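Each of the next two complexes has subunit A plus one more chain, namely subunit B in the first and subunit C in the second.
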Partner chain A sequence: MDKVMSNKTVVALFVLPSLLLIAALIYMPIVLTGFYGLMKWDGVGKMTYIGLANYKELLRDSLFWNSVKHSFLLAVFSALSLLVYLLVALILSAQIRGAGLLRKLYLIPMLLSSVAIAQLWLKIFHPTSGILNRMLVSLGVEHTPEWLSDPSIVLYAIFIPILWQYAGFYILIYYAALKNVPASLIESARIDGAGPWRIAFAIRIPLIAEIFKVTIVLAVVGSLKYFDLIYVMTGGGPNGASEVMASYMYRKAFSGYDFGYASAIGFFLLLICLFMTWLIRKATAGKETIQYS
Partner chain B sequence: MGYAAKPAAWSGRLPGRLGYGILYIALAGIAAIQVLPLLWLLLFSLKNSQEVFNLAPFALPEKLRWENYEKVWTQGHISTYFFNSVWMTVVAVAVTVLLASFVTFAVTRMKWRLRSFVLGLFMVGLMIPVHSTLIPLFSLFTKLHLTNQPMSVILSYIAFNLPITIMIKLGFYYTLPREVEEAAVMDGCSVYRLFAGITLPMTASVISTAVIINMIYNWNEFIFVNTFISSDKFKTLTVGVQNFVGQYTTDWGAIGATLMISIIPILLAFILLSNRIVEGIAAGSVKG
Partner chain C sequence: MKSGKALTTAMAIAVGLTTVLAGCSSTEGNSAASGTGGSGGGSGSSAGSKVTIKMMHLWPAGSSATQNKIVGDIIKDYQTSHPNVTIEQEILENEQYKNKMKVLSTSNALPDVGMTWAAGYMEPYVKGDMFAPVDDLLQGELKDKFVKGTTEAYAFGGKTYALPVELNIVPVYYNKAIFAKYNLQPPKTYEEFKTIVKTLASNGVTPIALGNKDRWTGSLWYMYLADRIGGPDALKKAIDRSGSFNDPSLIRAAQEITGLVDMNAFNKGFNGLSNDEGKTEFMNSKAAMYMMGTWELPNYTTNKDVPQSFKDQIGFFKFPTVDGGKGNVDSWVGGPGVGLFVANNSKVKDEAKKFVSFFVQKWGELAISEAGVIPATKVDTSKVKLPQLYIDLLNELNKSSNLTLFADVQMKPASAEVHLNMIQALFGKAATPEEFAKKHEESLAKEAGK
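Our next item is the complex of A and B:
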């Protein structure tokens, strides 16, 4: 048995193709992003080594820091919305008839492409014909908002489809975790006279704390990486009011042909994602190990 | 199962039935918010622009204008984009799931020294933002003359979906009993036959979960195609829809029909396979 199952040729045959693929398409590019960040390069011509000049420029670039601020604002909104999703999952896991169907209906937007979602919400937000403003008009509102062209509200407006897209995903995760809380614990708490809110806060929520940490990491790191939806809906505008890190990087590279500078942004994005993952895990670390299931 | 709080227990001081009713209405309200925008999309895909602007948003037009679908399908390459999405998705999913099965088998069933390190490499891949790899990938594919070739997109799909696919499979592989394998090896079965004839069939259910999740990811993918492919011949639906809609900004019926065409396959899959999709999303939830 051991001899057959430790056959090195077989291991190599099974593992190497995949390993080479991720080495070439994930790990090597990561290293190269850091390397390109040290270059002045338009993407086609010759590269010139300029040391940390791109990174120094990043520090002074107010458009860049704006995009960082927007990314973090979205991350904070997303993290806060997790509390609402948790509440919905708590209610859903009470004996609600049709919970299975509701959970599936919640999930539908998550399955659609961000491009389709963005196009649909462009129509919903349309100043005169979108359902949102038509509803407001029928309620008697005279000055309906210009959702996506008003710099002071565009970021909040963009967050609405993000909420819509991911609600079902987080509710699903919390619901599954809550269903795994042993019935005996809840039963004995109830016999001791604990009410439903007490049971929720003293037993059910603490027992799914580990899942909650995972979802915070997902929500925060996911928000820092937002791209498709914003790129399609506003392109970062108006006037940079909805620019995020990834959209700024994309614009610098593929519209501005400043590949060196864009790579520096890309490298910064990588570091910040890894750092935030580490930070959140550290800040919320218990004795539990990270669960991959 | 039996632990669920009784409905009455959730209602605080309200009478049980009333409290339950309020909760139910709240939950149904959320469901409506999740579904109504799509219903609105379906409705305006069947109207002409005049009807979109004049009729109430959720009113049916007098005549359902299926010609919107016919128009966009035959004009503006939508059918080409659709079939590109289909075949690129199918190829990438097949290769990804097969490669991931090889890796998961080697990591969980075979004995070798570096297996946890190699598994770690795949799992760390989950944390890498795609955008940070985009510029080097673009220049790599340019050098290899793969830009504007479906190969660049397919290879990227495979590489970036391998980690999540392996993760979905891992849990299932760990629970497989070793006795079956031991018996097969005793009978003189080779590793290859063990893998193909015994392990793969035993993991059919997790394979189908992985296939569905991969399909959804690839079908919806945007940034790789948008960056690597510039010719209409090889664009997929997400990017094609984006360009197409740009040309028809005022024809809501056409835009609606295009969007519906891009989401119908996913909605169909959802209606047929929702349990597997729910399971797959839960199993792969570490990917943001």
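Our next item is the complex of A and C:
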């Protein structure tokens, strides 16, 4: 077996099919997207090469930068909410009653499709018949917020279902990681007199630091390219108040018939995601990693 | 948020595409409805070789039940008389339909027969040689069958690229019971209209149902005001660049919109509600008025899911005239709705054209008697028994002095997008009437310069 595996031709033969697949399905579209970004193209007729004009216009497009800002806000909120998820996972893993049931309950939003979630929250946010405003009215609030049509709050209103949707996913990851922390370590800490908080901060959290880094990358990059709930619930409106990069790109391509420009946005989005991944890796790398045993 | 590596995740366009394709997967095949046509098994006794025509339309059984049924009936009919032809339907909801058209045309895979909107919407497809001219049909058996002015909206450079099936005008529907309760009469002038709005609002009744997340819904209000204040040509000229959005009458129309918003004329949170959500307010008798195209007529006449007691309460009035305005009360916002096109690269172009011709004629008969919508073909109404509301509107249509085609259809896609955004901004008071005009000017000038 070793002999076969050291034969370069054989190795190449094994690797080649998947390499070709990845190239065709992942890298080709990326290159093509960058290429379309150089074109003036309505997506139907002929393409005309216009060089970097789309990219230059992108830099001056205030609507685009608005959407970039919203995307980054979402990324910040997602990253911050990771701390909450971590806290929940810590509590769940501390052998409380009904932890199993709670874990399943938290995971349910993750199992629903985005469109179903959007419909659910559209009902909740409905300005007159929604449960949220009905509660406020019964509490005596006279001017209830118009959650999805007030430009100053729509963005934050829409973050709630997004963060809610993914809560279970991250809690489950943390929970699984925390369960992997050897019980012997915690037990000896407890014998040495450490309380639950001390154990959490000195042992359990440091031991899952690697997982935490991974989830930050997931949350940030995921937020930057986020699309579905926003598209279904507000379509980026009213008047761009909840527009994010992906919804803006979609709008340019499918409503504005400016495929070239949308491709430029897509390519830019790729660069930002790559850069953020690199940045997070850089910021969290090099620190001493704590090992078990 | 859920998937892994940055590279794979950032495949930007894919995000859009996946959503569209996911949305499109609900294909409803209706092939081989008449036994002889489809399933290419046994050697057919039918004349000619077997032909399959793919058709895509936007009347799902859920939201457009009557229209959906009629299409099914027409297809069944056609397949019976042409046993060698099978017609496969694909049905999508409005917005998804537009998206799928876009994706299909990019890969040059449009259905043999499909639906398109007129003017600006179809221009990219016509320029891209995606649609086949259908003038031969218009010269042939369809000669003089269409209401004047309908096919013109589908013509470019002297050739017609689609045949209209609908003709729509936009009245203001109102709830007679609510009006009676507050002693109100349908308004003749805009001042009267504003008094009605004030009376209703001060009594805690929502005057007007509006779902402006879809944006074209708000555009209807702007278009009427523009017409009544500036006359039938002001908006048309501003769009074709012989005029300008800085025209004082067009700016005043925008001001009137902000005025209505200030009077709480529309239901709460309208900018975050879809048209269907906004409509619910009217259908639940919570709002007194609702402005919408005549495609809503079945809900007030023939739709069996709507209680008769509600249908009896619904009347309509024409958008009132504005004092000192140039517009006439018989000038309507409306025009042909969707039309049927034949794909230029269709392998069965001739058969598809024959089917389209059959479809529009048959549609003309059935749309009136069964769906209660107004077809684009001329019809003899004396033979069928029709709901009064429908007859009244049809009579109004015959009297109409002008039809203003929907603004977002008149404009090319990029400017239409700006227009719709600015409508939402205007209603949400995120833009002043002057900014509203300026943004339109910028976009239209840019597009004209290209």
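One rule holds for everything that comes next: the second predicted complex is superposed on the first by the 261 of 293 C-alpha atoms of A that agree within 3 Å, B and C clash if a C-alpha of one lies under 4 Å from a C-alpha of the other, contacts with A are read in each partner's own complex, and residues count from 1 in each chain.
Here is the rule we go by: contacts are C-beta pairs under 8 Å (C-beta built on N, C-alpha and C of every residue); 3 or more make two chains touch, one makes a residue touch a chain.
No experiment lies behind these values; they were computed from the predicted model shown.
Enquirer: Is this a clash or a fit when subunit B and subunit C both end up on subunit A?
Expert: On the superposed model, which is not a single observed complex, subunit B and subunit C clash.
Enquirer: Considering only touches as defined above, state whether A:Leu148 meets subunit B (first), subunit C (second), both or neither.
Expert: In the superposition, A:Leu148 contacts subunit C only.
Enquirer: Thinking of the overlay built on chain A, is A:Tyr250 touched by subunit B (first), by subunit C (second), by both, or by neither?
Expert: both
Enquirer: Looking at A:Ile131, would you say it contacts subunit B, subunit C, both, or neither? Reply first, second, both or neither.
Expert: After superposition on chain A, A:Ile131 lies in contact with subunit B alone.
Enquirer: Based on the superposed arrangement, let me know which partner A:Thr234 touches: subunit B (first), subunit C (second), both, or neither?
Expert: second
Enquirer: Go through the superposed model and pick first if A:Asp258 touches only subunit B, second if only subunit C, both, or neither.
Expert: second
Enquirer: After superposition on the shared chain, which partner residues are touched by A:Leu107: those of subunit B (first), subunit C (second), both, or neither?
Expert: first
Enquirer: Thinking of the overlay built on chain A, is A:Ile158 touched by subunit B (first), by subunit C (second), by both, or by neither?
Expert: Neither partner.
Enquirer: Contact-wise, after the overlay, does A:Leu38 reach subunit B, subunit C, both or neither (first, second, both, neither)?
Expert: In the superposition, A:Leu38 touches no partner, neither subunit B nor subunit C.
Enquirer: Does subunit C touch more residues of subunit A than subunit B does, or is it the other way round?
Expert: Answer, by number of touched residues of subunit A: B.
Enquirer: Which partner chains sit in contact with A:Ile96 here, subunit B, subunit C, both or neither? Use first/second/both/neither.
Expert: After superposition on chain A, A:Ile96 lies in contact with subunit B alone.
Enquirer: Kindly point out the stretch of subunit B, out of 26-34, 98-106, 224-232 or 260-268, that overlaps with subunit C after superposition on chain A.
Expert: The superposed arrangement places subunit B into subunit C at 224-232.
Enquirer: Under the contact rule defined above, give the subunit A residues that sit at the interface with subunit B and also at the interface with subunit C.
Expert: Touching subunit B and subunit C on subunit A: residues 26, 29-30, 33, 43, 128, 169, 218-219, 221-222, 225, 227-228, 246, 249-250, 253-254, 259, 262-263, 266-267, 269-270, 273-274, 277.
Enquirer: For the complex, give me every residue of subunit C touching subunit A.
Expert: Per the stated touch rule, the residues are 1-4, 6-16, 19-20, 98-99, 102, 105-106, 124-125, 127-130, 212-213, 215, 267-273, 277, 412-414, 416-417, 420-421, 424-425, 428, 430-431.
Enquirer: List the residues on subunit A that touch subunit C in their complex, please.
Expert: 26, 29-30, 33, 42-46, 78, 122, 125-128, 146-151, 154, 162, 166, 169, 217-219, 221-223, 225-228, 231, 234-235, 237-241, 246, 249-251, 253-259, 262-263, 265-267, 269-270, 273-274, 276-277
Enquirer: What residues on subunit B touch subunit A, complex-wise?
Expert: My answer: residues 1-7, 9-10, 12, 23-24, 26-28, 30-31, 33-35, 37-38, 40-41, 44, 52-53, 57, 99-100, 102-103, 105-107, 109-112, 118, 121-123, 125, 127-140, 155-156, 158-160, 162-163, 167, 170-171, 181-182, 185-186, 190-192, 194-195, 216, 219-223, 227, 237-239, 241-242, 245, 252, 255, 259, 262-263, 266-267, 269-270, 274, 277-278, 281-283, 285-286, 288.
Enquirer: Could you please specify the touching residues of subunit A with respect to subunit B in the complex?
Expert: 1-2, 4-8, 10-11, 13-15, 17-19, 21-22, 24-30, 32-33, 36, 43, 88, 91-97, 102-116, 119-121, 123-124, 128-129, 131, 134, 164, 167-169, 172-173, 176, 181-184, 186-187, 190, 195-197, 199, 214, 218-219, 221-222, 224-225, 227-228, 232, 246, 249-250, 253-254, 259, 262-263, 266-267, 269-270, 273-274, 277, 292-293
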